[in-house]
């Protein structure tokens, strides 16, 4: 409290604030979450109508305000004498009054027409067979035909993104193809939230007991700008996006060269940590998106999960099995990868040379901890886990952000987060949820660097 | 008139701009506002009746709970009480205090019968074997019908109860010997309120009860 | 019959003292008892005003804490819950405890004077309205001291966040306090409005036809109608919510069949007319001030009133524009967008007519006029951004962003509060009998105008670059910092301006060095300026007979046949009703009833929920006894005998 008051009063802030004002920082409109920098069809439409209304109102303000100034100057009482004069007591002029009413109605019509068109556009994805409309909007039929659907579920205070076409679920980072329409079905399991990605579309509320709809389609040309795909839309599926974003920028300007990284935010007050309920949307080329989907499908496919070593079967090279390793604790399993073709009976114990450890020891212990510290009760890893209390952590190591878009997802922040998430995000349900008290293992990680590092190794190893 | 002027503190009704007494304008304004109260409650009920028409997967047939014969009877009683009320107002206008007392008593008794029916109805519904309709459930399943139904009819019942107590007040006052034709306006305003509460029931009864039988 | 005149006899005060539980305060009561029992519309108006100014400071401090928290990214002046409580309390306080009662203060004080009445139609009901308002304000602010602290639900209290299911503190009582305080405040507003409607319809002086009523009185009438038609919606919504929270009904519980959407509809059916309830009184004030300082009658009087009525009427047909992003479908959304645009027309008409009034006048720039001009320009900006929001595609970006915060503060501070301050500077000389310091007044205006624009203009831009409202903090890298810092500096300047203004208002009651005002210091036009300043207890020694609109002006400058006359002095003097304790007792009963209902539930040692209705029943009985005694005591009264030439 005291420290923040001093922070409030630092002269540096005052001076820099005023200086920035003078330096005209208002010229900057491409801030992370700016509606003034549209990168999609729907948001462009919203921007256009907005700018139309801005020009109309500036015109009106100048006209009416100009009249007002003229009247004030022209009819001011110049001295005490004049202030006592009695001007003609006219009571009105019905011609003038009617004329002004008609004029204002006409101006409203100018705004009404694009408004009605905009209502239709933001509520309905254009029909793929309606070539006339598509042409007007500058869309290609395939962009609508290949549309993807995302079911968004809002929870306090994070987002679940389910892709029903692909059978996969992720959280807080929405990956989408830059050239295809994205249909968004909005649902909530608790209070009202609102899904807002200013650069791609406006917002739509998530109403309890009701499914709402919105859609957007990004404009790849605008995303690329003067750069190329490798700079603007690095692939998510192999971690390029994450490493690109982390490579040279500070957290505060992650948006700068990466045009395909969009910021979104919950816009309806939803409780204590409403401010922390943000998310990201990552645009991908069609191929990268398909690869990302493939990775997720494999990761969340129950049939493809690593199975216990079976002495009766033979394994190809690069097969994964899990096999007991007492070094990790009694009854614990470790994941092994075969380095060559394996014939029946050649278990990692029998033929250690044929297998190698798939992960570091820290990873394996972290995995154990993930269960024993009860993380797994709320977080799903490598399964869809719809309805879980916490965000899905499948392929977590590919994510750029932590805590619903609030921090950069790296070792440093993750360590802070695991040690005391309440300090970062006061009131979050991982710390304050039902049944979590001071005895909960999660609240006792503060002084246990080793465990924290093992958990981090496991979590960021999910890539 | 002579006994009216005997009351030292009786303020005379001033001549008003419209010629309508102030108290009457006040009551009309209140009734206008009250229309909005009931309008909100009735529309809440109707909206929910339409969008939450099932309970536990089955169509909600509230006829299993309702006792339409009893409610029709109490409706008739409430309407009849309006007649007593009108006669009471007319009696005081004529200065016939005795007749007014009987008519007010009739209104009070009929109002009380209506309230008794409602209390019986509520307890009966809440405990109806197999069809319990409580504030939050129907047949043990969570539902909103009980909420809207009880709050709406309960609000109306509260209005009737207030009317009954108001009339009891006037009835008691009439025995103090201070009552005269000068109080005709007060009884008339009481009557306005009473008729309004009746009219609201005339809307509630078909919309909440009868419509269930027309489906 | 009823209207037949009955001669009243001189009241026998001695007798009454013996028969009453409380002695009824007589004619010469002074001090605290006088203020507690008064039924004089002027004193009630002053108490309304002073209490509201106190709450303005409370709400202002909350606002400054909010602004301090947003100074920089990731500040921790407040925790997130404290911040959420702050903005909830700030909104609720400013709407229900500041702007509405400030308007009510002027309605109370000025309206009866403008129509030539000695008081409102039901003076004791007026006192009850005042004490209910004080009680309601008290309940809301008492919430800080109980479980969970103040409500953290927003002034709109959207379901299902208000449901106990989603409470973030176990046994959170904040929303309960909020519900009960709004109910009590609703009673206050309804009672006052019934009273004003009756007064304006029925108690106009002879010759004061409806089309001769001053515009401010017209706006009082329209606002009163809006209140009695709009408040029932919120009252019922709050009753339903109260039942949900206290007795487990399912109105807004979506897991058990309710629809949170319904809350929004009910809230905004009230909430949008509420916007006009807040702004129309200010428009009325400005419509009085501009003609006075231009020395011309209001341009298009009929049209200004008609557009006021149209705004009020259409206010009931546009509520869903607050819900464009809740998924109402294309048809409903489009219809509400069009209706909302239409409402801009009558609003524009008012602005045109104010400029028309000044055209050809002799304009003086005294403090009230400066505030009126500030009102016009600021309200114009607020209106224009309002038109933007009527357009659904724009609203899809603006909704719940700082752009909306900027918009409604332009309407509610730049509009309503500037209008009300304009009213203070204009009418306080009538209330106190003293002129205020012009230089200090202009200084206050400058501070407020600068501070206000510095605070809220940057918020338009903040909203456009993506700052959502109701968020207790923001992350670095969004570019929000600079603009928030400017806004915070502006907010403190605005705060200083308001505090100096309030100091000036209050001190003008006590500072004997100030210049005496005389009857009509501004050379103003309406009837109240024909009275002495400060106004005598009985307002009009003799009821005026009105011959024209702008009667005070006509008396000074109009032709002979337009001069008002006076009814002959009555031989038994001016009848003044007695003061009464019962409105205060009744309000106390209602206050106790609300507090009793708030605390009627306890958990006994075995974990069972125990309901104990003793306190609510006792307090309710106090309220009922208060009303019965009130009815039995009658208006009572005494007589005053003003001299022939007294006003």
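As written, the chains take the letters A, B and C, and residue 1 is the first residue of each chain.
Basically, a residue touches a chain if its C-beta (ideal position, glycine included) is under 8 Å from a C-beta of that chain, and two chains touch if they have at least 3 such contacts.
Small disclaimer: the values here were computed from a predicted structure and weren't measured.
If each chain is drawn as a node and touching chains are joined, the picture is a simple open line. Using mean Cα coordinates as chain centres, the one most removed from subunit A is B. Work out the mean CA point of subunit A and of subunit B, and you get 55 Å between them. Averaging C-alpha coordinates per chain places the centre of subunit A 42 Å away from that of subunit C. Averaging Cα coordinates per chain places subunit B and subunit C 32 Å apart. Contact with two or more other chains is made by residues 258-259 of subunit C.
Taken residue by residue, subunit A touches two or more other chains at no position, since every residue touches fewer.
Put simply, subunit A touches subunit C in their complex at residues 1, 4-5, 7-8, 13-14, 17, 20-21, 25-26, 28-29, 31-36, 43, 45-47, 49-50, 53-54, 57, 60-61, 64-65, 67-68, 71-72, 75-77, 82-94, 96-97, 100-101, 104-105, 108, 111-112, 114-116, 118-124, 156, 186, 190-192, 194, 196, 198, 201-205, 207-210, 212-213, 250-255, 263, 265-276, 278, 406, 426-427. Subunit C meets subunit A in the complex at residues 68, 71-72, 75-77, 79-81, 84, 152-154, 158, 160-161, 166, 168, 254, 258-261, 294-303, 325-327, 329-330, 333-334, 337-338, 341-342, 344-345, 348-349, 351-353, 355-356, 358-365, 373, 376-377, 380-381, 384-385, 387-388, 390-397, 399-401, 461, 464-468, 470-479, 481-482, 485-486, 489, 523, 557. Subunit C contributes residues 1-9, 11-12, 121-122, 190, 193-195, 197-198, 201-204, 208, 228-233, 235-237, 239-240, 243-244, 247-251, 253, 255-259, 262, 266, 269, 575, 577, 628, 631, 633-637 to its touches with subunit B in the complex. Subunit B contributes residues 1, 4-5, 8-22, 25-26, 29-30, 32-34, 36-37, 39-41, 44, 47-48, 51-52, 93, 135-136, 142-144, 146-148, 150-151, 155, 169, 181-182, 184-185 to its touches with subunit C in the complex.
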